[in-house]
Amino acid sequence: MIQTPAHVSTSQFLESAKSLAATAKSLHARGWMLGTSGNLSAVVHPEPLLIAMTPSGVDKGELSAEQILLVDEHAQVVFGPKAKPSDETLLHLEIVKLRQAGAVLHTHSVWNTILSDRFADQRGLIIEGYEMLKGLAGVKTHEHREWLPIVDNSQDMTALSAYIRAILTEQPHVHGILINKHGLYSWGKDPREAKRHIEILEFLLETVGRTMEIKR
Amino acid sequence: MIQTPAHVSTSQFLESAKSLAATAKSLHARGWMLGTSGNLSAVVHPEPLLIAMTPSGVDKGELSAEQILLVDEHAQVVFGPKAKPSDETLLHLEIVKLRQAGAVLHTHSVWNTILSDRFADQRGLIIEGYEMLKGLAGVKTHEHREWLPIVDNSQDMTALSAYIRAILTEQPHVHGILINKHGLYSWGKDPREAKRHIEILEFLLETVGRTMEIKR
Amino acid sequence: MIQTPAHVSTSQFLESAKSLAATAKSLHARGWMLGTSGNLSAVVHPEPLLIAMTPSGVDKGELSAEQILLVDEHAQVVFGPKAKPSDETLLHLEIVKLRQAGAVLHTHSVWNTILSDRFADQRGLIIEGYEMLKGLAGVKTHEHREWLPIVDNSQDMTALSAYIRAILTEQPHVHGILINKHGLYSWGKDPREAKRHIEILEFLLETVGRTMEIKR
Amino acid sequence: MIQTPAHVSTSQFLESAKSLAATAKSLHARGWMLGTSGNLSAVVHPEPLLIAMTPSGVDKGELSAEQILLVDEHAQVVFGPKAKPSDETLLHLEIVKLRQAGAVLHTHSVWNTILSDRFADQRGLIIEGYEMLKGLAGVKTHEHREWLPIVDNSQDMTALSAYIRAILTEQPHVHGILINKHGLYSWGKDPREAKRHIEILEFLLETVGRTMEIKR
């Protein structure tokens, strides 16, 4: 695969790939993508759908743009180095399609892991009253009440896609989804907005978690 | 707007803009300006008042000096790229006028958010006995008792300005103001002193918060 | 010792040394190798066994590839600057031999120290249900139950080697070992896998520790 | 003062100054010298005593070697830019003389502040059983019991020197001193050992503090 498909220029793809690599380095530095955890994608072409996707099993602190893959709507690699895309590519594609997202980010932070576990039996948690919520697209006031749903974890990616599809269909206003003892998915109209959403949700989860310790 | 007003040289403005961009990067790295939260200003000319102000909605870890706006006392942009100044420009102007500040910084940290919430019903918190307090302008001994007032949050910037004006008029000795579940404002005679005040108040808030956990 | 042994090229050794120095800097930055704590090794030649080993008593944030030593299976230096290899070289050699490891890393983090103490009387702790576990070699599902054994600390390196040999013989499936109030050992088939395992185990220990605070 | 005294070469002084500036940047990055807190010194000449000393009121993250002062045993500046040495120069000189130290470091961390307060009524705290203790000069086993004394804070530097002199005379084996709600002093035979001691004591204080939360 030495050429991008006709409807996508190589430079277009490389721009997305560079942006994902820079975001990966920043999120790894914060400890939100340790080991080889976490994955990132960005839409390169909407119709037919093509996304830039991180490969499976790479250290996000060392990821270079040259390692990013171009993947079609069936999760097949159409351009890039010989490598397997992340196992969770199906989840990224589901979110892109259902939310018209331009980018999807998935982090494994200590606080998102802890709270996904702590609130699992309530199927999610409410975050409300924080000014930071205004950084989420469409939220105009801190008086907003954000529901962050939690789905069960599964190694069956078709099953996990189905859970996520159900959440996004029934709860179209959410800005992120927690997977129990696994991590956080968020997205945005472009990589910049997706990164903003991840930083805000991670900040709010740490704030909620530490408030539980202080107020107890 | 391709020229700065006659009474301000472009190089004067750029120096302030560079200083704000460097401070933004440092505060973002510490996790005190995640998402697009936080904003920064510095006085470029006192009379008529002109301040360098961060634009609305930018990532503070990527902010460059070229994105900073020059804004007059009515929050109107008089020089800089086509962009909207931060929504909270009015609060910055209020603080500059009432405290003769040369710079104003506003952070959203996990600890300032938690304590603004925890002490909201007491309208503020006392921080006393710490050597670190001596880093606040005018404080000569650790035996100082610093009152850090908390105001309610509001999306009405005129209302929020009024709360802050009331605090600064009635309590002229404070070095910072918390807005409930929103963030911290501090200031100084110049950008260096404002940064020092922010670092000290953030340090003290984390110390007070963690002491509550340990001593409980 | 101005030449590497005949069966190892200098460039081969230097490649391992550079990789260890880069890993040391990264782990020191995270606060997992403060002071002169922690040590790192990588197999350079399997038979006769030669490993690249960090010297004793150096700051891991300043370690350069030129300071790394080439050490044989009896912990004798066969190439490199005039310096003593880490006191814990015997433990590295034991792990390399028993696990066919290509690299061994040893960190002293706040959380691994706390949990090694907290669970010492149970001789280890169970970590289960986390997606992050899948980053450990051979683990295919988050439903995995990882046992992380804890051994007593000792200044007698022969005794400590024996404890570790016993653990690795009786419990061949573990991915790491805690030494009580001392630190964590982990390993991998190569330096990259060893670093992945360390990041994952450190992440999980912090998660388990903070969960105890939240759920209490 | 355009020349160093006859018995000290400029290059000798600059080497110490560079080392202090690099250490300051590293400790500021860890949040242990926020605001303008903390100060650092290194012996440049033993007899007559001359030390490199950080100036008063500078941001330790921006400190350059050119800002460091050469100070004599009476705390008088004998070489360097027009600036005042740190107010706490007397304490550095006291420690240098009583412990034959080659470098002295003083940090204000969140954890050293909290524990100095928590254990103030016991005049110190015991830290024992940790492998990390072996990084302190002269400690050969983790079975060591380190006593970290706490003195009252004072703005009278002569009084504070006297407290520290009393501690160091009566308790010659300590590796550091906490000042209540103020910070930590540690030292070493050279800047490298002093930095090692600070990193180790800060690590141990955080470990002791968090263990109190977990075990409660």
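Chains here go by letter, A, B, C and D, matching the order in which they are written, and residues are numbered from 1 within each.
FYI, a residue touches a chain if its C-beta (ideal position, glycine included) is under 8 Å from a C-beta of that chain, and two chains touch if they have at least 3 such contacts.
Predicted model, so just to flag it, every value in this text is computed and none were measured.
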| item | value |
| --- | --- |
| Contact distance in steps, from subunit B to subunit C | 2 |
| Joint neighbours of subunit D and subunit B, given as chain labels | none |
| Per Cα centroids, the chain farthest from subunit D | A |
| Equivalent interface positions on subunit C and subunit D, same or different at half | different |
| Angle, in degrees to the nearest 5, of the Cα rotation that carries subunit A onto subunit C | 90 |
| Rounded Å distance, subunit A centre to subunit B centre (Cα mean) | 31 |
| Distance between the centres, which are taken as Cα means, of subunit D and subunit A, whole angstrom | 45 |
| Of all residues in subunit D, the ones touching two or more other chains | 213, 216 |
| Overall pattern in which the protein chains touch one another (line/ring/star/complete/other) | ring |
| Touching pairs - complete list by chain label | A-B, A-C, B-D, C-D |
| Contacting residues of subunit D [partner subunit B, same complex] | 31, 34-37, 59, 61, 108, 110-111, 113-114, 117-118, 153, 155, 179, 181-183, 209, 212-213, 216 |
| Subunit A - residues contacting subunit B, complex | 26, 30, 129-132, 135, 140-143, 192, 195-197, 199-200, 202-203, 206-207, 210-211, 213-216 |
